[in-house]
Amino acid sequence: MTRFVCFGEILLRLTAPGRGLLLQSQQLDTHFGGAEANVAVSLARFGHAAAVVSTLPDNTIGHAARDAIRAQGVDTSGIRFTPGRMGIYFLTPGAGLRPSDVLYDRADSAFARAPGVRDWSAALNGADWLHVSGVTPAVSKAGADAALAAMKAARAAGVKVSYDANFRAKLWQARGDDPRPTLDALMAEADLAFAEARDFALISGKRFETSTDAIAAAFERYPNLSRIAHTVRTPHSSDANDLGAYMHTRSGHFRSQTIAITGIVDRIGGGDAFAAGVLHGLAQGFAEESVLEFALAAACLKHFMPGDFNLVSEEDVRFFIANPKADVRR
Amino acid sequence: MTRFVCFGEILLRLTAPGRGLLLQSQQLDTHFGGAEANVAVSLARFGHAAAVVSTLPDNTIGHAARDAIRAQGVDTSGIRFTPGRMGIYFLTPGAGLRPSDVLYDRADSAFARAPGVRDWSAALNGADWLHVSGVTPAVSKAGADAALAAMKAARAAGVKVSYDANFRAKLWQARGDDPRPTLDALMAEADLAFAEARDFALISGKRFETSTDAIAAAFERYPNLSRIAHTVRTPHSSDANDLGAYMHTRSGHFRSQTIAITGIVDRIGGGDAFAAGVLHGLAQGFAEESVLEFALAAACLKHFMPGDFNLVSEEDVRFFIANPKADVRR
Amino acid sequence: MTRFVCFGEILLRLTAPGRGLLLQSQQLDTHFGGAEANVAVSLARFGHAAAVVSTLPDNTIGHAARDAIRAQGVDTSGIRFTPGRMGIYFLTPGAGLRPSDVLYDRADSAFARAPGVRDWSAALNGADWLHVSGVTPAVSKAGADAALAAMKAARAAGVKVSYDANFRAKLWQARGDDPRPTLDALMAEADLAFAEARDFALISGKRFETSTDAIAAAFERYPNLSRIAHTVRTPHSSDANDLGAYMHTRSGHFRSQTIAITGIVDRIGGGDAFAAGVLHGLAQGFAEESVLEFALAAACLKHFMPGDFNLVSEEDVRFFIANPKADVRR
Amino acid sequence: MTRFVCFGEILLRLTAPGRGLLLQSQQLDTHFGGAEANVAVSLARFGHAAAVVSTLPDNTIGHAARDAIRAQGVDTSGIRFTPGRMGIYFLTPGAGLRPSDVLYDRADSAFARAPGVRDWSAALNGADWLHVSGVTPAVSKAGADAALAAMKAARAAGVKVSYDANFRAKLWQARGDDPRPTLDALMAEADLAFAEARDFALISGKRFETSTDAIAAAFERYPNLSRIAHTVRTPHSSDANDLGAYMHTRSGHFRSQTIAITGIVDRIGGGDAFAAGVLHGLAQGFAEESVLEFALAAACLKHFMPGDFNLVSEEDVRFFIANPKADVRR
Amino acid sequence: MTRFVCFGEILLRLTAPGRGLLLQSQQLDTHFGGAEANVAVSLARFGHAAAVVSTLPDNTIGHAARDAIRAQGVDTSGIRFTPGRMGIYFLTPGAGLRPSDVLYDRADSAFARAPGVRDWSAALNGADWLHVSGVTPAVSKAGADAALAAMKAARAAGVKVSYDANFRAKLWQARGDDPRPTLDALMAEADLAFAEARDFALISGKRFETSTDAIAAAFERYPNLSRIAHTVRTPHSSDANDLGAYMHTRSGHFRSQTIAITGIVDRIGGGDAFAAGVLHGLAQGFAEESVLEFALAAACLKHFMPGDFNLVSEEDVRFFIANPKADVRR
Amino acid sequence: MTRFVCFGEILLRLTAPGRGLLLQSQQLDTHFGGAEANVAVSLARFGHAAAVVSTLPDNTIGHAARDAIRAQGVDTSGIRFTPGRMGIYFLTPGAGLRPSDVLYDRADSAFARAPGVRDWSAALNGADWLHVSGVTPAVSKAGADAALAAMKAARAAGVKVSYDANFRAKLWQARGDDPRPTLDALMAEADLAFAEARDFALISGKRFETSTDAIAAAFERYPNLSRIAHTVRTPHSSDANDLGAYMHTRSGHFRSQTIAITGIVDRIGGGDAFAAGVLHGLAQGFAEESVLEFALAAACLKHFMPGDFNLVSEEDVRFFIANPKADVRR
């Protein structure tokens, strides 16, 4: 059992039910999620001690968000409750050739105003890993400061740092700030980055001939960085995507098979499921290839359940790897 | 057919379904409403030409709000669409001795930022009545300015002004402004006010010995005011309230019977249903007692359908007055 | 076990769900029912051999109607399937002071066109009772002829005739025929009539001073009639009615207690539940007072379940009589 | 903004929910639709002034049909309300290899009895286009007369006539009339026809060697006709169809690509979406190829939302053309 | 019309709704089913006289199970009601690459304790066929005894015996008994077996080189056996399977085409639908190839409706054979 | 913050939705609950450290039960997972005069087989209170042994013992054991008992003239007992009960007001809500009258939310005491 601390915002997702358009029916389905909370939930499901550090509004909705996460076995004692509003997003799930659509209503949330904690060393006490994503610096200046403070505190305390680049152009545009110095500073603190060539191109402002060049440049620029992983997704329709994955270390490059994902139920959280799969594999000391295979399988399974959370156990992932054709289990 | 223009914010209401708590189940029911839009819908249902002037976010939610209102036959050509967010409120309907609970998330909405229209004389062209409520000045300084501008423009154009005091302490607190000068200025423009003694006490900062004194003082202070009406509600539980109504003119005072409302489905919008009933009675030239009886009956019926809108026709209201025991209609 | 044949139309009921108005939400709940089928279902639940004779459209809806009735243990082998349409009605259940509303769409149904059977003696073979209602003659001329033919055939075969007057003014208006000769002829064939003073006044065109006079006149005019029963309902709201019952024989008059029915779920079928209760009591040889008490209790219980059918056993009715305060059964 | 008048019947559709059979569950989903109303809704969504001329029953259901259409921004002032019944159809959506099934219950509807308007020139005042379909003449003799009268009035007033052949064998069989003279007369008034070779074969009673021959013969026989368009659908299962489209003018023939539509949600209304797409393209003056591409894309998108209406904007259609792989929009 | 008696347990199935995980939402969908009851329902739908012999708990759930089956036209007079519990299973339907999952909670059910009837000759009176499955002997020792007694009684009475091997390893493990002698004894009584090579391998403890060898050995060992049939399923995902079928007689071997089943709604009961299709074909005297084609088509259609029952008529199956591309039926 | 350990079984409740009968619709609502878990949840909501010690089946259902409880902030680390089945009960909520009905299916559950823990002193480490109920000894002999062992261990460790008598006749009958010696032994270990005169009469086999005599006798027989509390419920219908409460100490007797509870949503768990209210009051050191007032108010509020858990905070209870008429909170 490894100890993970995940820092980031938890959002209320309001989803159009069935296969209808937003507000076409008079109901909305509710879920809670957020890039970092999703990783924490998945890690708890895999048997680890996972904690979320976040800020939620001190009202029924904020409390319900906390309840949804601690239901999954995540330690929520690091969540602060402050006055303010809950970050919301409206999701219209796609169907066939109609794309999914996300409408954000997260500005000025309780988290965006006051994302961090005063004493990071206390919050990270006993942790093996800190996980942060690029969403938090995009939310607000305070978010950027808090993310950096958390990562530096982790590094100071010998806690390994996992960082999911997760670039959100719309949020940065709304902030009206140049994301590059911030993202560069954050990447510099990471041991493990979930990022791909275009992320490094964006941060550095450089064009790379090949993906390999970008990865090489990243390892050169960020000496703390020992590992880069990412998925490659090819959408065919809202119901069918191909998904593969890459892992880069300073000593080698690994590529998974590509899985044809058809009959998608809900792809939100697929990237977070992958990140959790990688962290689990590393925590368990799997071989590189096995880390990648496990993380990709975990990411695939996420597509077949509603909500942001990947509600699978390690045994479920292993069963899928062994039985990829989905025959009835009875 | 009388022509009414109703100016105010339209909100998205997210309601806990059944008789459960907010987010106890994973669904929310959606409705659109707002004090002034509710009045417009009811007036359209009564056969009048009712228009809403408002601002909505230029996204799927704002468009759906517009659609919900024009479905009821209200003219929505006076709605502007701007970038921004939709004002939201979360409703946990009460049950038995558990009270209903309202959680606002309406700060910084598209309407609050840019509530008004540039050319009020165009917006009011052909109108017989303008209806405004005290919610709008409470929403933002811009709201207060727009409400006053609309009322002055109406008065200048010979359009009668209906004003529902609807005092919202929480919103004024959030604005951090003294509501009294604003509310006083607005009341000064009204021909018809939906208000009671405590509203006049609040605006004037005076204590009145009796309700009659308050009404008398109001008629003295506000020379444009020719009529004051309000309901009196006595709650027994979330399912059972008593409801009566008063009408005051410069020449007389009228009091309705009290109706025991049991088996309440949804009391939101009851006051707006009353206001629409009064406006309809005045537009039709009913006798004072009949105006009051009609408006109270309309307000009662509102309690027995979900959502903010009073989806009844004049014929439905008359049927209820004649058959108050609710035997099956077949 | 007594053998009952019930002849009449089965309708598809489309009901507004929850406590909303018709088509306010985008769903309708479906039930099947009909005065005579409801009686048959209740009698089958009480342990009797009950059969329905009817005509249904030979399509998915007609087949589903048959399935719904045979699920309850009713013999449906006497149902004919012909081309045509299903009779429908839309129900908006009332709530509080808002009345329930019924919208019929049953004209020209498969049953209305071809209601009867060719060989009534075969259809009644082995039966102890035939049950018919006044709805059938109101549906169409063919319905009136078939009802009379059925009753005459029963009388000829020594099968007792139960007749529920169930006057439907709207249907007779639509038919544009004088209902009196038909209803008079039908009443003349009945052994047991579910009817009250106003039914006899309507048929005879006479005004009776008292209810007793009407009953006395009925027993005089209809020599076959040995028993008259009916409920008395006093509505207070859609949720609360008082219900009592009367039974008249040539030798005596019986009156039940009055039960305050609050928290009504669905009152459709209450009268049919009463009729089935009386028929069960007579079939079992209960004392007059017990017949009335049982039938009233059965009718009360019907109000507390959705749909037209009274899905209670004799044991449920007895439990209610013994425990009228509805404490938890565990 | 072009002005369109669409004349035809609006139906209540009652749909089996989920992927179940009709009446397998106890709920039905409701939608309103109709070939011509669907076109009007789509055109209003594209920004045009679209009006529906129709007849609806003067009851809750008819009013709800009106509300559903005006919610979409369609002018419904040309709808008459008369006594009578609503035309209904029951839809069991297909799933996989099980086909969708339509059960009509529309005979003798308010529209079928009294479809037209007295003063067509008033109804068409200011219009650029009249849109009519072959469903209306199939509904009743009165429907046939009204459709022809409308088209002649349009032609007389210089309003262009769009006519969707939409042959309905079952309805014509029920009418027991030879459809050919009527359909021939209607086609003679059309400027734009949505029809394919088999429609022209049916009307003329001729066999054509090739589709090209049929089109050529049509242009010869109908001098008013300047444009013929139609889709070609190849079903593989209820979930997967291929869809392509053709456009013929007197000067050229155009064929679209074929789109593989998988993950179908609801294909009802796909043809109407195509018609609206063509009309929009013509109104906007698109090049022929672009008209066809736009109309086919619009028709495709319709398959991915529940109900008859194509609830997409021009921007949605353009986005789909540019991004046909349905990646998440966020 | 052929008379079938089907003997086996009826279970309550509790299904996770939508495409979610078990208990992820707060609802469960309910269905009743069971290998033999499913066959009976399908045969009744095909027009035969089908009866179920079973034991159910004498409570609301047991009665509802009976009602669900007799709704389909099955004779349920052979069902006994005893004290005890209902056998339950929880189903999490698969989606995409996530497999369906079955969780049994059927131990110690009313049926497992007291499965049989005292007088099999009475229960089989007038029957043409008895249908039994290998689930019953796996449930309990009493089940094994009852299955054998039923089959022997049938053989003695000249009733043909149909036996679906349906091996359930988990149940046998729970019983802790060697299944082989029991299954061997049961197979010895069968005229028609639904079984494949691996079933015969399991019973005999032998390895067969080829499927043909296994079939040949079976015909040799079981002289009563005149026919063996089975499907071959190749899963690709929870949504897509290939399905083919084989039929073996002592004089020939038949193989169907393979059907690609995509868009699966619910595959539970597919094997029972095949068995019913074979029994129907044999009862109707179809040619061998037609029996197989019909049974495979029936099995395919089952995949496209929720629940265990194959709610199709012979006409539906024939329509599918003639129109396998699922175009809309209207 | 006081530390409570609650020991008992957690059940899956399957509830008929809406106001229908069990299995009348095809859905069931799911909740988890159990007398002791309900107390733990309420105490956690009041801000205490509450832990549940229990046994659950090691499958999806058992894990979901754990998740539901830890969502509420209860420490579930003391729950063991073993092979076996989940205890279930089916609830048909009453409506009006129709009573609620409970159908148990809990025999032979994982808890009933192996209820306790090996090392009670570890399980109780740091606890201030142990809470046990009379349900556990009724479930199985192992349950009785475990309950007594837990209470003795608590007493030995200086942990106060709360015991809710909760007599379940049906379960004891099923066990076929004399409950008296067991219940007597358990009561002897209690510091605080939730019990009333009839409980003491049952245990002792004596008849008491008055309730006061019974209480006095109990205090005499059980020297450890320092406090007895209970509610008094008078049902009027399924929707309306009166509820009052008593508290007895060795030095005084206290009686609350009686509250008329109308519009009941779900009364399951009302007694557990009362127990938690008393424990909270004692933990906070409230005056006796305030303990009783608080506990009764908490119990009342429980009736107005679905499920077994009392999802209210101390602030909600205080608000209700101050505002018992349930006016809207906004």
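Chains here go by letter, A, B, C, D, E and F, matching the order in which they are written, and residues are numbered from 1 within each.
Methods note: a residue touches a chain if its C-beta (ideal position, glycine included) is under 8 Å from a C-beta of that chain, and two chains touch if they have at least 3 such contacts.
Note that the coordinates shown come from a computational prediction; the quantities given were computed from them, not determined experimentally.
A.B. asks: Find the chain most remote from chain F, comparing centres computed as mean CA coordinates.
C.D. replies: D
A.B. asks: For the sequence-identical pair chain B and chain C, what is the superposition rotation angle on Cα atoms, to the nearest 5 degrees?
C.D. replies: About 120 degrees, rounded to the nearest 5.
A.B. asks: Using C-alpha centroids, which chain lies at the maximum separation from chain C?
C.D. replies: Between chain C and the rest, the longest centre separation is with A.
A.B. asks: Please tell me whether B-F or A-C has the greater number of C-beta pairs in contact.
C.D. replies: B-F
A.B. asks: How big is the gap, in whole Å, between where the Cα atoms of chain C centre and where those of chain F centre?
C.D. replies: Here chain C and chain F have centroids separated by 46 Å.
A.B. asks: Just how far, in Å, is the C-alpha centre of chain F from the one of chain D?
C.D. replies: About 62 Å, centre to centre.
A.B. asks: Using the touch definition from the top, which residues of chain F touch two or more other chains?
C.D. replies: 21, 26, 101, in rising order.
A.B. asks: Graph shape for the chains shown, where an edge means the two chains touch. Line, ring, star, complete, or other?
C.D. replies: Complete.
A.B. asks: Which residues of chain C touch chain F in the complex?
C.D. replies: 259, 261-265, 300-301, 303-307, 311, 319-320, 323-330
A.B. asks: Looking at the complex, which residues from chain F come into contact with chain D?
C.D. replies: Going through chain F, the ones touching chain D are 25-26.
A.B. asks: Residue numbers of chain E touching chain A in their complex, please.
C.D. replies: 18-21, 24, 94-102, 104, 170, 235-240, 267
A.B. asks: Given the complex with chain C, which residues does chain E contribute to the contact?
C.D. replies: Those residues of chain E that touch chain C are 67-68, 70-73.
A.B. asks: Under the touch definition given earlier, write down the residues of chain A that touch chain B in their complex.
C.D. replies: 14, 17, 21-23, 26-31, 59-61, 64, 85-86, 88, 90, 92, 101, 103, 105, 107-108
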